Structures are given as C-alpha cells and as structure tokens.
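These are the structures, in structure tokens.
Two complexes are shown next, each including chain A; its partner changes from chain B in the first to chain C in the second.
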Partner chain A sequence: MHVHFLDPYRPGSSPIHQLDARVKLILTLAYILTAALTPIGAWPVYILLLAWAVTIEILSELGVGFVLRRAALALPFVLAALPVIFTAPGAALIHLPIGPWILTITLPGVERFISIALKSWISVQMAIVLAATTSFPDLLTAMRAIKVPRLLVAIFGLMWRYLFVLVDEALRLMRARLSRSGESDRPDLKAGGALIWRAKVAGGMAGSLFLRAIERSDRIYMAMVARGYDGEVRAAPLPRLSRRDWLTLWLCLGLLLALLTSAALF
Partner chain B sequence: MHHSIEIEQLYYSYPDGHQALRGVSLHVEPCEKVALVGPNGAGKSTLILHLNGILNGRGQVRVAGLPVVKENLGKIRARVGMVFQNPDDQLFSPTVYDDVAFGPIYQGLPQEEVRQRVEKALAVVNMSDYLQRVSHHLSVGEKKRIAIATVLSMDPEILILDEPTAGLDPRARRSLMKLLENLDITMLVSSHDMLMVRELFPRMVIMDDGCIVADGPTQELMADEALLNAHGLEKP
Partner chain C sequence: MLLAPFLSPQPMHIPDGFLSPLVSIILWVFSILVIAYSLKRVNEDLGERQVPLMGVLAAAIFAGQMLNFTVAGGTSGHLMGAAIATILLGPWAAILVMTTVVGVQALIFQDGGLLALGANIFNMGVIGVATSYFVYRSIRRIAGEKSWGVFLGGFLAAWISIVVAALAVALQLALSRTSPANIAIPAMAGIHALIGVGEGLITIGALALIYAARPDLLRSSKQGVTGGNALWVGGLAIALALAIASPLASSHPDGLEWVAEQQGFLNTARGPLYQIIPDYVFPGISNQVAATILAGVFGTLIVFGVALAVAYSRRKRRLGEVRQTQ
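== the complex of A and B ==
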C-alpha cells in the first residue's frame, strides 16, 4: 500500500510541461511578485493577470477546473486578511453593533480585502500549475540553478523522498490499531475506550513515529557516509537553456514588468 | 458448526487498477493450521487484509461465522488476531504493557480483567518479565513475540500472521515456531519459510498472481518440485 495522492505532479506533454523548469520557476516567482506589488484596486491589471493565469492553465492541458479546485485550498488563508475590512480608514459603509462595540466596515477596507483575496487566489493558481507540470526532481534542479542554497535544496529533496515513506508508515500503524479495535461479544461492555486513553494512544503513535523518523535519518546518514558523503552536496552541471527558453523567459518577464508599470501609473 | 474462514470468489483491485485477487476461494476449519505461500506480489497480504475488513473486495468473506460487512467489523476484529509483518507497526505504545492491553481496553473490559489478559498473553509468549519495558528498545525477535501477545490478549478465535519468521535469527525463529506449534487455535500464516511450513503446517495453500493455484496436504505439495518451481518456490 503506497501513497501517491500527495504528489501534485501530473505527467503530460503540453508546451508548459516541456518548458524548462528553471524558466517556469523564475516566471512563477516573478508572476507572484508582480501580483503582490500591484497596488490595491488596480482592477484592470488583476483581470489581465487572471487572463494570463487562465491562458497558462489552458496551455498546460491540466484543465482550468482542476487548477481552480486545487486553488480553493488557499481560501482559508484569505481569512487572515479579513480584519482589514474593519481597520482600513475611510468612508463607513455599515456599522455592525456587537455588544458594547461597534464594528465599522469601510469602503477602502472592502476594496483592500477583495484585492488581497484576488491577488492570493491568482498567485496560488500559478504555483499549482508549476507544481503540476514540473516533476519534483526538475524543480530541485531549478532551485539550484537560481542559487537557492545547496544544503536547503538537498533538504527539500530528502524531505520529499522520505515524506512518502513516513506517511506509509503512519498508515500501517493506523491499520494495525484498527485491526485490534474490536467489540466484545459481551453485551455489557462498550467498545472504544475513554477519550483520554484514546488520546494517549494517539500520542504514543505520534511519538513512536517521531522516534522512528530520527532513527531512519541516522541510518540514511550512515548509508550516505558509506557512499562517500562528506557534508558537501555536489550536483551534475546544469544543461544550457535553449534559445526558445531564453526568449520565453525575457518575453514574459517584459510583459510582467509592463503590467506592473501600467498598474503603478493608473 | 461454522468454518473459521470461508472465502468465496473474492476479487480485489487496488485503486491504481492493479488486480490483486482474481477469484479466490478458501475454507479453513476451526483449529486448522494453514500456511499461505507464494512469490512476492502473489496477493497473500491482500488476501489477509480482507479477513478483518481492512480491504473490501468483491465476493463473500465469512470469518468466525460472521459475514465481513461493516456492521460486524467490530466483532470480527475482536475475533481475528492479525499480526503484521513488521512488529514496529504493531507496537505503537510507550510500554509493552500498554501495547498488549490495547485490544482489551478498547473492548471495554474492566481494569482487573485487562491486567489478567495481559499477564496471560505475555506468559504464553514467554515474555512475562517485559511488562514495563519500552517496546522501542527490544530486539526484533522480542518485538515479534510481543506483537503476537498484543493479539492473544484479545482471546481471538483465529490467528493470522504475515511472515512471522522474516528477519529472525535461528534461535528466535526456533522459539517462535515452538510458540506457534503450542497455540491451539485456527491459524493462517503467510510465509516464505518453507522449512517452517513443512514442520508446522499440515495444510498448504499456494498463491500466484492473485489466484490459489494449489491447496492440499503440505507433504504432497512439497514433493511436487515442478509445481513449486513453477510458482517461484523452492523445495526445502
């Protein structure tokens, strides 16, 4: 029994899949930066950014629906921006009396909240397309190429590799517990156990999972040392970017810059 | 009188589409000891996981007289003691006592009875001195015995073991075999250890590619070298 559902990568052969991972990573980061820097209430620019995202989604052959469903995962985080509705100074829209306090919803507050929500929603869509069209090893290579510290990239790689092992282990533990969660034939007994006891068992499981992860990391480290690991992460040299990749990169960066300037001007 | 295990035409495919069981039928009588052998990936573990409803395939499964359906799962899990291949999966509590007591406490037995069950189960596997030990620090052989005790404490009607001798040294293996020999209870054991199968199990079931390809007296099947070779097994 293995877990695959965690892996966001969807294999394919669309133009977006074929684009070099380095170009995709840089453009995704630039896109998110552009969205973040676009001023509040620059609606035409938001629409252009969204059109950009939808274009990429269609080109990637993932399906717009797929990306939108995934993007819904980011919605709860938008709640963090909710207080701006009440705190931004400006013309009052509605007064909400709550007990002795009165909350005032302001027009600039609402505008700011909708802007933040929109910006994070389209940014998340782009990140989802990146993760769904780029395999994780390619993504790691791309991170190395844009000079993310090598040790950090190595840690991401190991984490990714063993995350699945750990999840499998947790599932096997839960399966073993389920196998022993039985009901007695005696009618006077109620199965399930006390809540505190169950919490203690769950705590024990989490603890043993943690201990085993530490032990496993020791074994992995020894296996790495046995094969010559000396603390320095080495990697094969990166292949050169093709002319088409360069062209895509500069063209898109230029477009993003143009969008940002126009947003700042209006 | 019911059979302990009755499986009729069981089919199962994993979510990724891999067909793991293709029409398996198997009957095991009460107190019969049956070995389940076959190459890796033959479907032995998948079959075993159907016996307490962890997996649900198409077909009929009755265990200890009860059909394996959602309403019966609690009762079935109390009657079927399932010991997984890796004892670490089974031992998730801080101390040996907590682990062996899990089943009885879950069933809601009074404290005194839980204690008696734990002591009895540990005595059966010769591990009475380990009551307050930390499971984490035991050897593989010791963990294996404790894992068996964790299901014996539930007084199961059927014992199911997945690869009980895997990874044991000769002495631990020998003492585990003695333990299994002395347990008078229905037993279905999946194993690659053909010597143990020959010694302990009068009946042997060979699985390959999701089907039962042979089912009969161990001595007869072991003598048929062509059959064993055809299914990736070796005559001991």
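== the complex of A and C ==
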C-alpha cells in the first residue's frame, strides 16, 4: 500500500511513537475529558494543560509548528461560540452600538468564549498527536482493547484499507469533470451549466463511486472467501502491555486527576 | 459574521470543547445503545457478504464527501451520505457505516472531537439514518413500484436528514451553553435548509445513475427489515421532537437556559467551589493572577526542560552515529 497524502501518520521512533497505542488512546481520551471538565476561567489549569500538550508535541518529535498548523485548521468552528460573549449574563465590559441596537459584551461572556476556544484548541492538538504517531492498525488494536465490538472494528479496518483507493477514485472523477467542464481561473467565466446541472453531475459522480464500491466489495468478499472467510471475524490475541506502558498510563492518569482536583479546589 | 461558522463546509462535526461533559456523555450512551442494537440486527439479518460491503461503502461515503459542486458565494454543496447509505443498505447497516465514517473522520482527520464523537455519531448516524429511513420508506410505500418514489423519497430523505441533524447540533450547543439557542437554532436551520437541497440534488443524481445501471439495488424489499417499524416510528419521533423543540427553544431561550442549568450541574457545582478564595481582598485578582503566573512559569519550565532534554539526547545520538561511522 502506498503512502497517501491524506494519511496523517508520520513514522518515527520517538518515545511517543513507541508508547503502546492502547495507552495513547486512553490517555488522549482522558486528557480531552479533563479539558472538558475544567471549569470556565480556570486559567492556571488551562496553562498547565497547554504545557502538557506542548511537552508531548516536543517528545513526539513531530515539531510543535506542525501540530499547531494542523490545529489551526480545526479552529473555525470556534466562531459558533462567539455569540456567547453578548448573551452570557454578568458585568458589562463594552457597549457596541450597531445601528438601532446596542450589543453588550459581558465579562463572563468573554471568559466563557476564551475558555471554550482554549479547550477546543488543546483537545485537537492531542488528537493530532495521537493520529500522527499511531498507525491505523495499532489504533484498531487499541479499539479492540477498549471493547469496541469486533464486527465494528472489522468494518473500520476494511474502511481504512479501501479509503485511499476510493479517495483516489474520487479524485480521478473530479479531474475528469474538471477537464471536461471548461473550468477556468478567470472569475467572470463560470464553469459548467446551471446549478441543477452541476448538482446532477456531482450526483452522477457519487453514484458511480458507490457502484464501483459495491462491485469492488463483491470482489473483496470473494477474495476473503477464497482465503477461508466464514463470516466470523477473528483477530490475534492482544499483546501484553509492558511495565513501562503501565507506569506511563497510571502516572499520566494520576497527573490529570491532580490537575482536575486542583481546578476544583483552587 | 455571527453566521460565518454555520457556513463552513463541515458545520455538522462538533469539535471537542463545545459540548458540556454531561451532554457528551449522555449522547455517547445513546449512540452506544443504538450501535449495539444495530450490530445485533446486522448479525441476525444480513449475510456475511455485508461486512466487506459496509467497509467499502463507508470508504466510498468518505470519498464521496469530497465531490462538491459550487453553489454560490464561495459555499459548496456536498454529501453527508446518511440518506444514500440508508437507501442502499437498509437502516441498521447504514447506522454502522455512518458510525465508521464519522469515527474515522474524528480519529484520523480531527473532523469533530473524540469526546464529542458520541454526539456526532448520534447526529449524523442515528438521527440522519432514522429520519431518512422514515421519509424514504413512507414515500416508497405511497408510490408503490413507481420510480418517482425512489427519487422524491431520496431527495426528501436527504434534505430532512441534514436539517434535523443540524437542528440537533444547534440544540446540543445551546444545552451546553456554548451558543445561544435564539441565534444557533435559526442560523443552523436556515443554512441547512439550503445545504439540504444540495444534498438532495446530489442524492437524486446518484440514485438516477444507480437506477439506470443497477435497479436491483433499489428494490424496496431492503426497506422492510426486522425492527424497521420501530425505527420508522423513531425517525418520525425524532423529526417531530426536534421540529417542535427547536422553535420553542429559540423563542424561549430562557427555558433552555433553565434546562442547561439543571443539565450543566457539573459546571455550576464546581463554580462556587472554585471561587472560595477569590473575592477576598482585591476582588478576584490576587490569588487568580498569582496562580496563573505561577502556572505559566511552571508550564514554561516543563516545556523548556523537555525541549532541552530532547535536543541533548538527539545531539548525543548524532555524536554516537558520527563516532560509529569513524
């Protein structure tokens, strides 16, 4: 299988790469849960959580810049929380007259907005490190370890196996459309016909993609049967966790718990 | 500007940090229950052939979401895929397929959060599939064996799956007190009523091609699966509940605020605890600021220390390599 531009996995030999995928998955989830449970405006805890994230990024040898650049791509959703700076009740900070209305920015509103943005930002950094340092087969093992049903894990595995094949197929379809619909860089030249026509073409492409997928799945099924598939999804037993992995797991969980308690008791 | 986030191409995937822990966990529980039931149904009803079909179709839906077409003003229509998956596979397998798509998007591509994954699976998988199933099956029944049932059913199923899922996202954000109900709900509903038309048109296009090439895939027998009636009622109930709750919530945001207050007790309970020390001498300043500065210094020291250690060990490694080559 070739390396696909979409695959976020960056091979390496850093301590984070070497950590067992099960430990990484559980710790990532615990970290994100800790961030979610940290109350609004608990700035010291946010700073420590951010320091934690940056530490992991340095240890993973991915480069802090790489992770931050990718994290920025996930940020636009933050704007969904923007209205909250006007609507949260509390002391007024600034009055903005807009036409006949006066918008009041409140202090708790601003605190809430910044907290939401920070939580989201540090959580996504951790998710990026997980995806960039863990190969997908390892993630599947981790999913089995946290008791995701075997059938579902098998569907995940098959999806991953054929994801890039079908993405390439979709890209070919799009290239074919591009080369035939007279698209141009000039803004005054509109490509393709009316909206309905464009939607129909995109629909036809999606339809042929699905048909190809269904036909491919028939072939895959036959290949599976030829190799002894009988409807039962089997997997090798999970390997044991090393002592170092256990130690990392409990140490980090303890630290997260301590951060959470300090957030509650500060 | 307030509408900007709702215009982004994937406004349906909620990232982490936007839902309160309680809302996230409740929706995780709902999603897990529905997934478990779907797995049971798929195991009982469908042949072993379905496992590769579900995996590859999930990959196709992921890839199909890249096929967009420009609508106007920089926005573009593209596929979510819940409706087409429901039509091609039946509801239970479609729930599993959508779960896989949304799961890979969150795990690998950070489209949507991990703690919020339960909510995203619920919105796009459970709600999207249940409402599509309800609409598509009803219209196929009315149309009998005539072909317009496939197309009208497909269009409306696609449209409603988008709109109802968007309403659910807005309600969840409002319940988490992340986005006020009276802004989020009308914005999400209005914009997704349009995006839903795009989804509907693509779905019709896809169905037209499949109808011409492989009409056997669209035979109505697939829709009458076991437990289908319960899901049909479920889809109707979800669509009705959200259609009724959303205008109510957006016209009475205080009511929702009250629910949020009850629901968000995790946050509110910790609030007072957290403020035991401040409001003391210099209201809210001395301890908070001191703690923040201390945390900042401490955090910087940790990061700096780790960076130094990594740099040092790398240098040592490189020196070792140099020595070995000599």
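As a convention for this text, the second predicted complex is superposed on the first by the 215 of 266 C-alpha atoms of A that agree within 3 Å, B and C clash if a C-alpha of one lies under 4 Å from a C-alpha of the other, contacts with A are read in each partner's own complex, and residues count from 1 in each chain.
Just so we're on the same page, contacts are C-beta pairs under 8 Å (C-beta built on N, C-alpha and C of every residue); 3 or more make two chains touch, one makes a residue touch a chain.
None of the values given here were measured: they were computed from a predicted structure.
Trainee: Check the residue A:Arg172 against both partner chains and state whether it touches chain B (first), chain C (second), both, or neither.
Mentor: In the superposition, A:Arg172 contacts chain B only.
Trainee: Chain B or chain C: which reaches more residues on chain A?
Mentor: C
Trainee: Figure out whether A:Ser181 sits in contact with chain B (first) or chain C (second), or with both, or with neither.
Mentor: After superposing on A, A:Ser181 lies in contact with chain B but is clear of chain C.
Trainee: With both complexes overlaid on chain A, does A:Ile155 touch chain B (first), chain C (second), both or neither?
Mentor: Second partner only.
Trainee: Contact-wise, after the overlay, does A:Gly204 reach chain B, chain C, both or neither (first, second, both, neither)?
Mentor: Both partners, chain B and chain C.
Trainee: Just checking: does A:Pro8 make contact with chain B only, chain C only, both, or neither of them? Give me first, second, both or neither.
Mentor: A:Pro8: touches chain C, not chain B.
Trainee: Tell me which partner A:Thr28 touches in the superposition: chain B (first), chain C (second), both or neither.
Mentor: So A:Thr28 only meets chain C here.
Trainee: Which positions of chain A sit in both the chain B and the chain C interface?
Mentor: Chain A residues touching both partners: 169, 173, 191, 201, 204-205, 207-208, 211-212.
Trainee: Please output the residues of chain A touching chain C within their complex, sorted ascending.
Mentor: Spelled out, the residues of chain A in touch with chain C are 6-8, 28-29, 32-33, 35-37, 39-40, 42-45, 47-48, 50-52, 54-55, 58-59, 61, 70, 73-74, 76-84, 87-88, 112, 116-121, 123-124, 127-128, 130-131, 136, 139, 149, 151-152, 154-163, 165-167, 169-171, 173-174, 191, 195-196, 198-214, 216-218, 220-221, 224, 229-231, 233, 263-266.
Trainee: Provide the residue numbers of chain A that touch chain B in the complex, in ascending order.
Mentor: For chain A paired with chain B, touching residues are 4, 169, 172-173, 175-185, 189-193, 197, 201, 204-205, 207-208, 211-212.
Trainee: In the complex formed with chain A, which residues of chain C make contact?
Mentor: 1-2, 4-6, 8, 11, 13-21, 24, 35-36, 39, 42-43, 47-49, 51-60, 62-64, 66-72, 77-79, 84, 88, 96-97, 99-101, 103-104, 106-111, 113-115, 173, 177-180, 183-184, 198, 201-210, 213-214, 217, 253, 266-267, 270-271, 273-274, 276-277, 287-288, 291-292, 294-296, 298-300, 302-303, 306-307, 310
Trainee: Using the touch definition up top, name the residues of chain B that touch chain A in the complex.
Mentor: For chain B paired with chain A, touching residues are 16, 49, 52, 54, 74-80, 82, 84, 86, 88-94, 98, 102-103, 105-109, 135-136, 150-151, 154.
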